[in-house]
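Here come two complexes built around chain A, the first alongside chain B, the second alongside chain C.
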Partner chain A sequence: MSPEMATRLIDDLGALLLVTMLIILASGQLFRAIYAVAAQAVFLGIAGAVLAAATGNVDLWVIAGITIVIKAVALPWLLIWVVKRIQMCREIEPVIPISVTLAFAAAIVMLSFHLSASLGPVRQAVTGNALPVGIALTLLGVLVMASRKKALTQMVGLFASENGIFFVAMAVSQGMPLIIEIGVILDVVLGALVMGIMVLRVRSTVDTDIADLETLKG
Partner chain B sequence: MKVAAHIAVALAQAGLLVLLGPLVTGFVQKLKARLQCRQGADLWQPYRDLWKLLRKGTVQSDTASPFFQVVPVLALAATVVSATMMPVLWAPTDIVPVPLGDAILLLALLALARFVTAIGAFDAGGAFGGMGASREMTVGLLVEPALMMVVFSIAVVGGTTDLGDIAARRSTLAALSWQAPDLLALFALLVLIPAEAGRIPVDNPDTHLELTMLHEGMLLEHSGPGLACLALATHTRQLIVINLVAALFLPVGMAHGMSPVELAVALAAFAAKTLVLATFLGVVESSYAKLRFFRVPQFLGLGLLCAFLSLALRIL
Partner chain C sequence: MTSSLLWIAPLVPTAIGLCMLLVRNPRLLGVLDVGGSTVVLGLALAIASQVDAAGPVSAAGILRADELSVVFLVLVGLLAVATSVATVGWMRQELAQGEMRADRLRYYYALVHGFIATMLVTVLADNLGVLWIAMEGTTITSAVLVGFHGHKHGLEAAWKYIIVTTIGISFGLFGTVLVYGAATHAQGGVQAGAMNWSTIVALSHSLDPGIVRIGFIFVMVGYGTKAGLAPVHMWLPDAHSQAPTPVSALLSGALIKCALLGILRFHTIARGACGPAFSEGLLLLFGLISVVVATPFILVQHDLKRLLGYHSVEHVGIIALGLGFGGRIGVFGALLHVINHGVTKALTFLIAGDAINRYGTRDMRKMRGYLGLAPWGGTLLLMGAFSLAGAPPFSIFISELMVLRAGIGAGHYVAVAIFLVMMIVIFAGLIHHVGQVAFGVADQTADRGREARWPLLGMLLLAVVMVLLGVCMPAGIDRVLTRATEIVLG
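Presenting the complex of A and B:
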């Protein structure tokens, strides 16, 4: 695969990652957000495969495979399992209205494209628009975490944020050492497990929402 | 001579859109019926409805001013004129003698049709008409700028807002030459088409329940040939919007010359693209519920945001 072709495909996949991120931000239902984050992980895996084909780096194939298996199948399945288990309300409860969040999102994406333009030398090293898209995904993931009340939606934000970091890392380094990538993925899995279990435990012992923890402040 | 030929082609294309508009509606309704395990009326039902309405008399509310009577004609005229700007089968590659086909004018005429219909609804003095009009304008407020931004985002590449020119330029490129902003813009349009065509999840074309009507609410006070004009305008508008997507994103197979083979290929391509997008409309309509009206801005906000970002990415 020629480098220009790879750049173009990475650009297109970056746009798809942005679209899925915006769907996560705009979705009013928990399941839609979870499916969107799963789709995002699929696109991320495809981006990894494209980079692997372009650079001939075998590690990237492995990473693409792991990404799809864990982030696109296992983690969303875990989230859905938790949602069904605790039979929570499936509407997303935003802290600020979703339309306001969308306006913030527009500003963040513009800002990250503008900022990464000033990082000239770094941007040269990165394939296509991967750097601004990655920054935007990371910040938008944080926005999801900050603007949602439920722990599960915050987990979706965390996954999306992590996807952004992963995307940049793949594009910048043309594939990090396999051991580091696997370590990062393990971290996410562990985080998801801990959060999932915590949500279940909190729910079963005190029957409360994460937002109610606010009242514990002294 | 060349000018006359060009205008004739534009009129022929507009005629095609107007004639086929009801058929597309019939197709979507048939598809919906099949998906709901119903037999459904056949494809020609919208034509029969129009014919029936054309033969009926007109009843008009006492409070309506004389302007009320010209509203259907104006709305239909604006829609038909905007249909002439659409490259349907033929996208010229050479310099066009008359600039028929400007995207901004097309969207403005569609907005004019919407505005005239809303004014008519207010004029009749019915409560539902006013409510429907106010809702329709709220939706228009979100849809129109987003459509403009999508068109601009595509126009920036071609350096022209002439739809025929854009379609001709893009048809020479393979689908792989799509850039990232194109994907965002296409997604934005897919969110916006149901709203612009007056379909679920934004509007429900089948309902006459007062709380859920948007477009239908505005048509309540019209009857007879006037209602037929407005219904035909709605059918045509839907096909125009479908065709706008095809012209901007998939202008494959359009004729550049006048040979019969090219035109036949263009007709087949047009039918295929329309079929795909009409199926999209029908499937979306069957698989989603109508959104509560206060949720609509959130849904359309997604389209607006994607359109905005696609334009921003193109410029940055």
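Presenting the complex of A and C:
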């Protein structure tokens, strides 16, 4: 695959990542948000495969595979399992109206592209528009977490935010060293497991959403 | 020889933690806990003396011990020993009160050692990716510990802690990726050790300043969240106050310092790439906000452990201020403050745990006459409080004075003025709170039992270090801190 072709594909995939992110932001239903974050991880995996083909770096194939298995299958499955287990209300209650959230999102995307356009020659170290897309995804993930009250939506925002980082990490030079990527993914999985267990424990002991607990103040 | 020590140091607590999972006998668990921590401290001191004698040691380009990491390494080892010794007595009490179930003890101990192991990797990491992985590892292990009791409050604090710091340090990962990208770009391709701090620092002058600047902002916010710097400190007072007492001591004394080391690593890179003004300015800003934000919460606080938590925000702010003022005195003072605050805060958390146990409440308005109930603990509490408030002859006074001197030397008069005012207000607030707890007449309901030997031993160990560092500066520590300062200043 020629570098130009790879750049174009990465740009296209970056656009798809942003679209899935907007679906997460706009969704009023928890399942839709979970499926969107899974789809995002699939695009991320495809981006990894494209970069692997373009750079000839075998490690990236492995990373693409792990991404799809863990982030597109295992973690969404974990989320859905927890949702079914606690039989919670599946509507998402936004703290601020979704239209306002989307306006914020547009501002963040523009800011990210502006920021990265101000960078000098070092942009060549990152394929295509991966850098602004990555920055935007990371910040939008935080926006999801800040604008939603439910624990599981916060986890979705966290995963989406991490997808943005993985996107840049793949597109930078020839990707991060394989062993580091595996360590990072291991941390993500362990963290998700611990969070899932906490949600279940609170649900079983006090029957509320863990993110709704607000007794510690001042 | 020394390079294998670097591997052994984190492996010892890992192995001991795994062994603990198989042990059910509480007494044996306690022995393993104290023994394991002592070995960790011994290894830390061995590495420190090697580094002091023969300079930085590297292990396979993944771990590295230099004078800077040694400062944090010995702190982690020291606090591990002190808290594990205190845990012996604390655990007996918890079991007697039914707070801790005997069949779950082994998980607690194993997690504590896992937590210590991840902290050791954090301070010894040369590879910035390994640094991040270990940092997230500390979050996961300690979050489980914060919610270990399974109370509603504990779980709430643990959730806030894990969700805020995980998203926070994912920003740190982003910053790491950007700096790595800048480094490979400067090298013209991926070379061996391209992700290593030692490699990147060596070529920091040729890094693209634009991308390093963005990377440092991400790292500052990310690891700053983990370090408890305001305005991203919201989780800290909750987590540090709800955790089991020995864990509180480790979180406040050691863990937030490990996150600061992460910031320091990137600070040195940013200094080289963009000049000192940028990252120092950012550290100064975060430090000042932390000191200012913590002050009102310290004044109006009624929960003893939350008070100490907010106090940690303030002190992390002071360390950041020292680094932000810069210069040899500022950085030296900040590093000295890392040790001083770590030791003192762990000490006060251990005492706070005992006081809360005796009164059956965390509310300082209901605690009176602690000095009468526990003469040793009360004396140590007063000493710790005066030390935390920055009174001579304790160690924190000296490091704070250095930070102030650096600020005046660098001409940051406004920042120094704000800092001084806050210090005075906090001094008054803290001494007021602690004075009320220590003096007066205790309620009839308060526990008047004799002071347990083991917790006292752990506290005394810390108190001795706190007092010694206040009145003298051992030549070895001075030498290591001076060289660590040189590493930070490049």
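Convention: the second predicted complex is superposed on the first by the 213 of 218 C-alpha atoms of A that agree within 3 Å, B and C clash if a C-alpha of one lies under 4 Å from a C-alpha of the other, contacts with A are read in each partner's own complex, and residues count from 1 in each chain.
Here, contacts are C-beta pairs under 8 Å (C-beta built on N, C-alpha and C of every residue); 3 or more make two chains touch, one makes a residue touch a chain.
This is a predicted model, so every value here is computed, not measured.
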item: When chain B and chain C are modelled together on chain A, clash or fit; value: fit
item: Partner chain in contact with A:86 - chain B first, chain C second, else both or neither; value: neither
item: Partner chain(s) touched by A:178 [first = chain B, second = chain C, both, neither]; value: neither
item: Which of chain B and chain C A:200 touches, first, second, both or neither; value: neither
item: After the two structures are overlaid on chain A, angle v-u-w for chain B, chain A, chain C in degrees (C-alpha centres, nearest 10); value: 150
item: First, second, both or neither for A:11, with chain B first and chain C second; value: first
item: Per-residue contact with chain A, leading partner among chain C and chain B; value: C
item: Touching partner for A:69 - first (chain B), second (chain C), both, neither; value: neither
item: Which superposed partner A:102 touches (first chain B, second chain C, both, neither); value: first
item: Distance in angstrom between the closest Cα atoms of chain C and chain B, superposition on A; value: 19
item: Interface residues of chain A shared between complexes with chain B and chain C; value: none
item: Of chain B, residues touching chain A in the complex; value: 176-184, 187, 295, 297-299, 301-302, 304-306, 308-309, 312-313, 316
item: Interfacial residue positions of chain A with respect to chain B in the complex; value: 8, 11-12, 14-16, 18-19, 22-23, 26, 28, 98-99, 102, 105-106, 109-110, 113-114, 117, 129
item: Touching residues (chain side chain A, partner chain C) in the complex; value: 115, 118-122, 124-126, 134-135, 138, 141-142, 145, 151, 154-155, 157-158, 161-162, 164-165, 168-169, 172-174, 176-177, 180, 183-184, 186-187, 190-191, 194-195, 198-199, 201-202, 205-206, 210-211, 213-216, 218
item: Footprint of chain A on chain C - complex, ascending; value: 127, 129-130, 132-133, 136-137, 139-140, 143-144, 147, 150, 152-153, 155-160, 162-163, 166-167, 170-171, 173-174, 177-178, 180-182, 184-185, 189-190, 194-195, 208, 210-211, 214, 237-238, 241-242, 297, 300-301, 306
